[in-house]
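Just below sit the structures, each encoded as structure tokens.
Here chain A shows up in two complexes: once beside chain B, once beside chain C.
The block that comes next holds the complex of A and B.
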């Protein structure tokens, strides 16, 4: 298979551009052979062995901001689309592969410097190639009393994950919200520092977010308006202790009181970490009798069966971080908030005090909520899983929304010929303040027909969710246009604004064309 | 065999022994370097203990006929290791050269195929 060219770029021009990239970063950091460029393909592509798979033309890997400036200027001259990656581990959302075939991947993995970690004011300043593992190891080696907030996959980039608006588990769980200050290379090669970073010799770049004047940081998230080359992050002072308590309620309709109580303890700050609401019947070890009741019997039958097993119908885990005495008081207060629900049960989980010793650490199945990066999440699809992607709508934090969304999405599966109960269990998460996110697991397989089926279901879910007023917070490159088109209020006014900004900031349309449905003018007609 | 021949044989043996020693030392250094790379990139999935997806997969695949912890295997080949890292296996994605360079991959191979154990 001949390597694709960037759209509209001749082979001689592309060769010239690659030579010029090499003069900037060195020949060894420009990848154009099949063997090297194939490493940038999406390992979990839902287009496995199909023509629609998005294939890069080449990759270039700078190691400092000045090189990024030169690369974007060369790309602008030849109108070559650049697809920026940080650690390239955005698996389930496209990995290191571009949104359009023929892009050159701008691989920032070599920019992996931890520029500052401040223990007294609890922040770090890092480059895009720094992973959660990297920063965690640095903090451990220096014996700093600081926590990071990793997402489930610890090999991701702090910058990449925050820009994709990913979430974790601790009180710093909203990763974009936890950032403070950026350095961005614009499409014309100019370097901008946001917030206090605009002040030469700023002393508070990582301590005060807003600086002076319009606050622009948000426009560089889930976007293609610039290449972020540095970012500050607020870190959590190492807490004294962690404790997780479980609230369990016996009836299907208890979801309303359960979620009302949850919203109260979250929004009042009594609980500051990510919680998950579980439908008990969807989890736990295989139980053929339970499976039979789920499909063919009434809600009352299911409630009675779960009660016989000593299980609630719904459970929610409440995590607490802080001084042990404060945690104990918070848990007592939370229990009072739920106590009026008939039959409610409370269960104490383990309490951990920090720092953990090696023995305690080895016993923890999933250390991520304790600020310790891990790859445990990759066991999610079973031992022979070949990949996955995620459908993740944001829904209101209400019992009504939980019930309605569950019914609506299950109906989509049924309508498309899947048996009831085939929908994977629905943990309903509070990764972000004030709203729930449901995260559906979609397997990606080395099977063209099954992948086509998954894509069909995925697109149907996007449409049905939009019809009900629910939108996705993030998605795989394969579905960016589908989801962007759902955000259509007032004749796509927000996306028309994005396009205005795109054309002003990137008139050659070189930065990640089509990222999150934002297309530059020269490619808009064909793709929008 | 005359004295000169004996001396020559002895010298050859000594040189060979020194060569072996030097080679062993080089291999040991490569394996040690490989262990560092392995610990950084591979152990989070293929190590021992709870929640290691690569180890969980190997347990399911080999059902005890081979060690599930990759570093305990003695049957791994350079070609197999390189293919896995550059092409991926099951849920394990490809690793780019900006993550694991060819030299680092050689070091991982040296570590996983080291002898003696």
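The block that comes next holds the complex of A and C.
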């Protein structure tokens, strides 16, 4: 069976383009057979077995910037859409599959050089194919006193994750914010370096973000305005110690004081890592009796049951990084902020001093908050697991917002039914400063009807969230247009600005058309 | 086919080999596997490993998590030369290894889902096709 073609491109033209790609990268790095190109399918596609699944036409894997420049020029000549991936691990958000069928995947995995790691000034400069595991290994082998901040799992690309504005767990947890300087290939093949990188022979490209004049880095995140080929990252100097303390409160309504205290300790820098506010009834230790009474019981009944078990209604773990005596004082201060909540309990977690030796490391159940990449997250759960996608709205960091979001989203589930296999409860995280992000797990299965149902519920959640002023921070390719259309202030003014930029930077519309709802002019009417 | 629950109720030693032949007999005796990976949380996995060791294949136990196996072993093994690996694990563990293998120009060359959800599989070098 012939593979799909890029929209509007004839087969002879496509063959010519593939030949020209091959003359740039070598024919062994152009993939057009089913066996090879199927490897770029989204392993977690919510359209598995359906015609709507977005399938690439081919893939091309350059190994240097000059090749990327030539590839985009060839793609521009034939108007072939390119879908750029770094290591292709954007699972839950589309993986390595394109947004439109017939795209050519621009696979940057071979561009995997660690260009510089500076221990004195605590930064690294890397190419897109460098994974968290790669940089961690490099730092360990060189015995550098530096930490990375991996997401969970850690097999993704630093550049890919940061450009999608992903998050981790340590004080460098906002990955886009932790970047400093980038190099970008534009659709016309031009190469731009941002920030101080625009100064030839710059000495501070990875130390001072802003350079001079307009600061454009943000426009290359979650976008299709250019292909990022290098990026600098600030790294955490290895701390002396790590400690985690747990705060738990007994009543449902204590959420207000708990979150107020949390906002204070986060926003004043006392706590600098990612925290999550957990509802014990949904996320506490396994308890069949609790699972039974959780549904349909009153809040008072749940509070009494949890109190009998010595458990709080809400808990939050506070992570501390730094010199041991400083984090001890920070924990004492944090406890003072929460002390006025009647019945509040505090529990000290383990303290770790660095560097860890092998036997200490082996005892740590979850090493990711310690800057150690892992794949352990895949081991959680039963033997059946076909994938998932994430619904991830941003809500204010207030108790009112937590209660309202819980009520609103649970009503959607009541009205439409839970997605099959979805986890109960609202997991609330502080990956990013000043706001909470909810990360809802949506299972994906190789079952057409179940996936259709999940998509319907997802779309309803998107609309309901927008009605309440909660926008998503990131999403699967399946829902990019839905979410983009929610950001409609002043007659879609922001998206109209995106389109103006897109038309100027990519008039042939070849770079990831439709990514996050930004369509090139030639495809806009049919899709936007 | 014996379900996993029946397997567990029947006890480990005697019944263990009921599940194994479906995988082991399909493996040619002359194939050289770099390693056999097994999830030691499951009796079927343990029995599979015992059978592999009897065939002279080095084994590696996991508890569902492939991080150390890949980071300390397969990452280098796959980079050094094309190799074949055989295993009996959960689908999630296989998914991880399959994804990582892909980056190292290897692929899943056989897969068989057992009752209870474990998967027996082999991973080997990708046949490269040009053009």
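Please note the rule applied: the second predicted complex is superposed on the first by the 513 of 528 C-alpha atoms of A that agree within 3 Å, B and C clash if a C-alpha of one lies under 4 Å from a C-alpha of the other, contacts with A are read in each partner's own complex, and residues count from 1 in each chain.
Please note the rule applied: a residue touches a chain if its C-beta (ideal position, glycine included) is under 8 Å from a C-beta of that chain, and two chains touch if they have at least 3 such contacts.
The structure displayed is predicted, hence computed values, not measured ones.
Engineer: Quick one: on chain A, after the overlay, do chain B and chain C clash, or do they fit? Just give me the call.
Structural biologist: With chain A as the common anchor, chain B and chain C collide in the superposed model.
Engineer: Spot which of chain B and chain C makes contact with more residues of chain A, would you?
Structural biologist: B
Engineer: Quick one: is A:109 in contact with chain B, with chain C, with both, or with neither? Answer first, second, both or neither.
Structural biologist: In the superposed model, A:109 contacts both chain B and chain C.
Engineer: So in the superposed three-chain picture, is A:61 touching just chain B, just chain C, both, or none of them (first/second/both/neither)?
Structural biologist: Only chain B; A:61 stays clear of chain C.
Engineer: Pick one for A:27: touches chain B only (first), chain C only (second), both, or neither.
Structural biologist: Once the two structures are laid over each other on A, A:27 reaches chain C alone.
Engineer: Quick one: is A:366 in contact with chain B, with chain C, with both, or with neither? Answer first, second, both or neither.
Structural biologist: first
Engineer: Considering only touches as defined above, state whether A:38 meets chain B (first), chain C (second), both or neither.
Structural biologist: Only chain B; A:38 stays clear of chain C.
Engineer: Would you please give the residues of chain A that touch chain B in one complex and also touch chain C in the other complex?
Structural biologist: Touching chain B in the first complex and chain C in the second, residues 35-36, 39, 43, 87, 89, 109, 133, 155, 374-376, 378-379, 381, 383-386 of chain A appear in both lists.
Engineer: Give every residue of chain A touching chain C within the complex, in rising order.
Structural biologist: 18, 22, 27-28, 30, 32-33, 35-36, 39, 43, 87, 89, 109, 133, 137, 153, 155, 374-376, 378-379, 381-386
Engineer: Show which residues of chain A lie in contact with chain B when the two form their complex.
Structural biologist: 29, 31, 35-36, 38-41, 43-44, 59, 61, 87-89, 91, 95-96, 107, 109-110, 129, 133, 154-155, 362-366, 373-376, 378-379, 381, 383-387
Engineer: So in the complex, the part of chain C that touches chain A is made up of which residues?
Structural biologist: Touch residues, chain C against chain A: 63-67, 70-71, 75, 90-93, 95-96, 99-100, 102-103, 107, 116-118, 126-131.
Engineer: For a test of understanding, state which residues of chain B touch chain A in their complex under the given definition.
Structural biologist: Per the touch definition, chain B meets chain A at residues 40, 44-45, 49-53, 56-57, 59-61, 86, 88, 90-99.
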